[in-house]
Amino acid sequence: MSDAPENQTRGDSLFAAPPMGEQERMVEAILFASAEPVTVAELNDRMPHGCDAAEALVYLRKRYEGRGVHIVRVGDAWAIRTAADLGYLMQKETVETRKLSRAAIETLAIIAYHQPVTRAEIEEIRGVSVSRGTVDQLLEMEWIRFGRRRMTPGRPVTFVVTPAFLDHFGLENARDLPGLKELRAAGLLESRPMDGLPLGGAQDEDDDEVIEGQSELFED
Amino acid sequence: MSDAPENQTRGDSLFAAPPMGEQERMVEAILFASAEPVTVAELNDRMPHGCDAAEALVYLRKRYEGRGVHIVRVGDAWAIRTAADLGYLMQKETVETRKLSRAAIETLAIIAYHQPVTRAEIEEIRGVSVSRGTVDQLLEMEWIRFGRRRMTPGRPVTFVVTPAFLDHFGLENARDLPGLKELRAAGLLESRPMDGLPLGGAQDEDDDEVIEGQSELFED
Amino acid sequence: MADLFEEDKRNAVEERLAAEALIVDVDGFEGPLDVLLMLSRTQKVDLRKISVLHLAEQYLSFVEKAKTLRIELAADYLVMAAWLAFLKSRLLLPPDPEEEGPSGEELAAHLAFQLERLQAMRDAAAQLMARDQMGRDFFARGLPEDVTRVRKVTWSATLLDLMQAYARIRTKDEFRPFVLDRDNVFTMEQALERMRKMVGFAGTWTDLVSYLPQGWEKDPVRRRSATAATFAASLELAKEGKVEIRQSDTFAPIQLRRRERGHE
């Protein structure tokens, strides 16, 4: 250690400094309890006269090498921090399963049955406008993605379903989706009459949806 | 290390648990990161599958013996706290605790030593009625909480001390209260009701509780 | 000997100070039991060996002194005084075998127990407060790292949900006849009106198609609608006896002509 002369000069002072092991304990306790990083000057200030916080820090730092926490330098101050490789322990993952909203599932169904389909077409079919959040959510879930642009005025983007979508619903292909006839045969079209009122509307969370005229999209 | 057979059994599980040294680091990181005590269950929950936090704690505790910070037990949870002999270095961190009245301190001690204890019992011991403010203050500090109702006429509530109380006074356990054994041996933790004594505030309280034998909370 | 004397003297001083203190400072006491405990300390014996009789006398004189100093004592101090006077008489008089309830000795023993227990709790409280305390002697982590809660939401939807959603939309479509696009519909009323004007000129068999309105022949949707309306209108006219209709074969062109009244 090259600090021997240093110690000697300090040895001249009236009170002998505590042993280095003690000083290390002190630095450890102060760094632990402090709400913010502590500078060497402050450490020396708080420790008994004659202590050498900088040297104690060297030992303490070595002691924590490879441990779950490290002594790290933050600017010109020091702090105890979690070892970077254990950062994942500081996260608590809670998995929540939520039911997809009606607007989202309808939009998804339209994309699946009519892909590639533009937003305007989805809105025409649903009879209500599609909120940005709904499309974003489906994109984020990676159940839909952008398809080719439609070669019509405005070159609107289209949406198509993804392999992740097919995977989730156990489909090999979007064409495997049951057709209207099968839906009817399965009793899925036996819904009650609508009195001309849109079914969705009220429960949809995108409440600003505008009801629009129905088009002839199903004449394919 | 005597944990070899333990590790072997654990090796049978589908996923091999990380080596004990790693587990120790994990526990270290989690305890360092938390100001509150962390239960073994929560540790195991946050650590990878197959870890044994309880065992890792044994090693970690030993590692920090004599250091500036210690691994301490608080009820069924664990925490890192600075060594008490270094408290003088922490003037900056010292929190001014609200000065507790003599009544509050006595009431707290009675609850700690006699728990679960009803208000009438506290009053019988102190010979005066317990003011609402005193109980409220202790509840607010989270040093006491309501325990189970006593299965006696009127079903009075009882009070017990909390883990925060244990943490504050550096107690592993309510059984570690100073002098508890001696007090019990001397019969001073018993309730010995006797009619005709003009003591206790029970009569001026709404709950004219029947004082009965102390339950054996500390016998577990 | 000298020590004993010294101690007695000191005790006397302490006792006097204590007595003064309690009289001057009666509000500082937490009830009669607190006073009794304080007084019992002047007996300088183990609380287990305390003379309850003597204690009762001490207490009664305390109350007397308080009265002479016109210190208002709370009711429970007076209740205690009355009870201790009763206890004193019990302890002094031989036990009455007729008397029910606990004996004087039992009551005295219980009072002594209560004093001892209160003292024990005070000692325990003092020991507790003398312990190292968090935030004063030892400290928790000053810079805790929050556990970030990563909330992972998985959205659930089944194939059935998907199909039902689609079915719902399609059903909605089927039940919306009232908002049909009128531009592409040629109603029977329109056809009838048009044909009434035209049949007067149809002396010979003419194809029904030639009665379709202008601009409705090309677009299949419009054509279908116009054809159906015109056909329905011609049936209506036939019913009225205005026209005759014929079709030579299945799917052959439908022809019509004006019905001459005189032919009948």
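A, B and C label the chains in the order they appear, each numbered from 1.
In this section, a residue touches a chain if its C-beta (ideal position, glycine included) is under 8 Å from a C-beta of that chain, and two chains touch if they have at least 3 such contacts.
On a predicted model such as this, the values are computed, not experimentally measured, just so you know.
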Contact network partition after chain A is left out of the picture: one piece
Chain closest to the middle, measuring from C-alpha centroids that were averaged per chain: C
Centroid distance [mean C-alpha coordinates] between chain C and chain A, Å: 29
Whole-Å separation of chain centres (CA-atom averages), chain A against chain B: 37
Where chain B touches two or more other chains, by residue: 32-33, 46, 80, 82-83, 90, 93
Contacts with 2+ other chains: residues of chain C: 139-142, 145, 147
In the complex, chain A residues that touch chain C: 29, 32-36, 79-82, 90-100, 102, 104-106, 108-110, 112-113, 125-127, 137, 141, 168-171, 177-178, 180, 183, 186, 188-189, 191, 193-196, 198-200, 213-214, 216, 218
In the complex, chain C residues that touch chain B: 30-34, 76, 79-80, 82-83, 101-102, 106-107, 110-111, 113-114, 116-118, 120-125, 127-129, 131-142, 144-145, 147
Chain C to chain A touching residues, read off their complex: 139-143, 145-159, 161-173, 175-176, 178-179, 181, 221
Chain B-touching residues of chain A, taken from the complex the two chains share: 24-30, 32-35, 46-47, 66-69, 80, 82-83, 86, 89-90, 92
